[in-house]
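Below: one structure, written as structure tokens.
When the chains are written out, they are named A, B, C, D, E and F in that same order, and each has its own residue count from 1.
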Amino acid sequence: MGKLTIGVSSSLVGSMSLDFAVKLAEAAIDKGHEVDFWVSGNATLLSKKTQRPFRDYSHLGKKVGELIGRGLEAAACESCCEARGLQKEDTMEGWKRYGMEWYLASCFSADRILYIGDE
Amino acid sequence: MKLGIFVSHFRFNTSSYERIKSDKLGVIFVQNGIFHATVKENNRSSPLLEKSADFFVLSEDLETHGFRRSDVDGKVRVINYSDLVNLIFNEYEKLAWL
Amino acid sequence: MALKKCAFIIDKAPYKKETSRLALTHAIASQSAEVYLDDGDNIEPLVAFIGDGILNCLKNQRALDIYGVTSLEMHIKNALLLGLNVYVCKEDLERLGLSEDSIVMDADLIGGESKTKIVSFEKIQELMEECDHLMFF
Amino acid sequence: MGKLTIGVSSSLVGSMSLDFAVKLAEAAIDKGHEVDFWVSGNATLLSKKTQRPFRDYSHLGKKVGELIGRGLEAAACESCCEARGLQKEDTMEGWKRYGMEWYLASCFSADRILYIGDE
Amino acid sequence: MKLGIFVSHFRFNTSSYERIKSDKLGVIFVQNGIFHATVKENNRSSPLLEKSADFFVLSEDLETHGFRRSDVDGKVRVINYSDLVNLIFNEYEKLAWL
Amino acid sequence: MALKKCAFIIDKAPYKKETSRLALTHAIASQSAEVYLDDGDNIEPLVAFIGDGILNCLKNQRALDIYGVTSLEMHIKNALLLGLNVYVCKEDLERLGLSEDSIVMDADLIGGESKTKIVSFEKIQELMEECDHLMFF
């Protein structure tokens, strides 16, 4: 079993890259791999609580919560959050907020890295 | 090296794609990249399929767009998320999302 | 008493950007714009798919099952059901190797009124000229 | 003098299309035109209060507030806001929240429309 | 019609751009569209400049990227936001952001 | 005691996407990753601009004056100041008609240590092969 670090900076809605990343994380965890999940830039909105489910948008928050329960390490870039008006108290349970060096340290110990820097 | 390249766009500047070399190369079409595996513009397959590589397309993204397996170019293997995890851990050491 | 025509031109493929979805939801909303307008005034939307935008029109999109998002197919059927004029560029269908069979032509399963019109780019050009406002998605 | 309706759906950060739209709105108001400003999709984040200014990002919230003071009509798509977890009480002062039909009605009375549907 | 087209990308599918006709046509390069007014790829001006149109480039976006007026192709007029407002209200009736 | 090399490859133009900015801020952050690592372990970043990415490197960017955002030029100078290895693809400079004079070569005004290295794509290919992880921006 290995460790995969996924980094994403795409918007919560639009490119669906976060949808891809969450599904990939789930598939890896299903197979017993360890997954670190890093969101920066616009992707930090995924760490916000009170996302209301709408049929026009996927509702990823709930799924990530489940995956955190199954061992996913999910962290959001602190300064990217703040710049978007997301305060510490807006963070969904189980998520961490760190500086970017956390992601780099995660890359250090990862067997594979997929960084999705589309936006 | 053993490199897996993710193509997620239909239209993009392909200069990195064209130039990167790898002893072992896999190209995985996801999101709007799936059009390279399905659409024959002016009756021709996508120029991306001319690269010497193993080609894969994500079935979930194929079906999201309304395509079926029978629409996929013969050069391209259809995989799902679970297969993708195996590819990532067993076949390729480095990954690039273009 | 006036009628203003707005053309919603979709030339980008779906799912990688939100823009074609917003085109359809905005176009459909034209029908309730009256609440903000004077009596007799109205907005008439038309929706045209050109270029890579025609890839929004494919049948059997499974976005809802797989990713939990409504498909563009459902939005187009909704537009047809509400009687909006929906055009698809013929030359672009040919260019990308798609047939009339492969795209959403009506909302029949849910009792639709209008049909997708497959027309030449020349016709779409004329429609753009006739409209008062133009928006690209 | 005329009326310009600007619609934008791009992210607050990334494409800089909102930066463009706000500068265009300002230039039009400077010349005495009337401007309606509609944000939908990811652009609705512009209507959120408590955006913290960071040097890596433009701080558009303040500028839009000034322009509202000078007559700009700024409105955000209600369902697009809700889908992103933006509640009514998160809305910056002076902004309105409406359904998409408000934008269409604004288009009805506009002399010019610029819709930026990049994302 | 009198149409003003905004080009904000360097790389994009130009099929709409190429096909749209207008009695009076203006093309305004903004954001990364400014590269079409400044960069000569392989020593050639952008193919976008071959269209029969009046071309404009936004000075603010030119300077954001580090270009100067002297870098701009002779076919293209440099304008600022204030000029752009005049173009919008006085020269073009319909606007398209591609 | 181990060293892992990460390549940050930037192949997209700036400002229209946030990605090149995030590449540089992440690359710079490698230098403080030690706080999360065991003694002696470290991450060595390298930054390479290829394709349209070289348009990030232009001098005299006025993004801060005009739009109130730090320019990519400032981020690159910051990276050089901190001693990061920064590479620019020679063939792409030629292809887009840019000279060494027109791009950021050092952070001299703020006391920089390293210099931008203009190298062939072949060299960048080698660097990608040598690194442990690859990220495209």
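The rule is simple: a contact is a pair of C-beta atoms (placed from the backbone, for glycine too) under 8 Å apart; a residue touches a chain by one contact, two chains touch by 3 or more.
Since the model is a prediction, treat every value here as computed from it, not as a measurement.
Steps from subunit B to subunit D, taking the shortest chain of touch contacts, total 2.
The chain with its CA mean position farthest from that of subunit E is A. Distances between chain centres, each the mean of the C-alpha atoms, put C farthest from subunit F. Taking D-F and B-F together, the pair of chains sharing more C-beta contacts is B-F. Residue numbering at the subunit A/subunit D interface overlaps substantially, since over half of the positions present are found in both copies. Separation between the centroids of subunit A and subunit F, computed from CA atoms only, is 25 Å.
One finds 28 Å separating the Cα centroids of subunit A and subunit D. Touching two or more other chains at once are residues 15-18, 25, 52, 67, 133-136 of subunit C.
Annotation for subunit D: residues touching 2 or more other chains are 13-16, 23, 41-42, 56-57, 113, 115, 117-119. Shared interface positions of subunit E, i.e. residues touching 2 or more other chains, are given as 8, 10-11, 13, 31, 60, 95, 97. Those chain pairs judged to touch are A-B, A-C, A-D, A-F, B-C, B-E, B-F, C-D, C-E, D-E, D-F, E-F. Only residues 6, 8, 30-31, 60-61, 81-82, 84-86, 88-89, 92-93, 95, 97 of subunit B touch subunit A when the two sit together in their complex. Per the touch definition, subunit C reaches subunit E in the complex via residues 9, 11-12, 50-52, 92, 121, 125, 128-129, 131, 133-136.
Only residues 7, 9, 40-42, 99-105, 107-108, 110, 113, 115, 117-119 of subunit A touch subunit F when the two sit together in their complex.
Looking at the complex, you find that subunit F touches subunit A at residues 2, 4, 6, 17-19, 22-23, 25-26, 29-33, 35-37, 41, 43, 45, 133-137.
Across the interface of their complex, subunit B is touched by residues 13-16, 52, 55, 58-63, 65-67, 71, 73, 95-97, 102 of subunit C.
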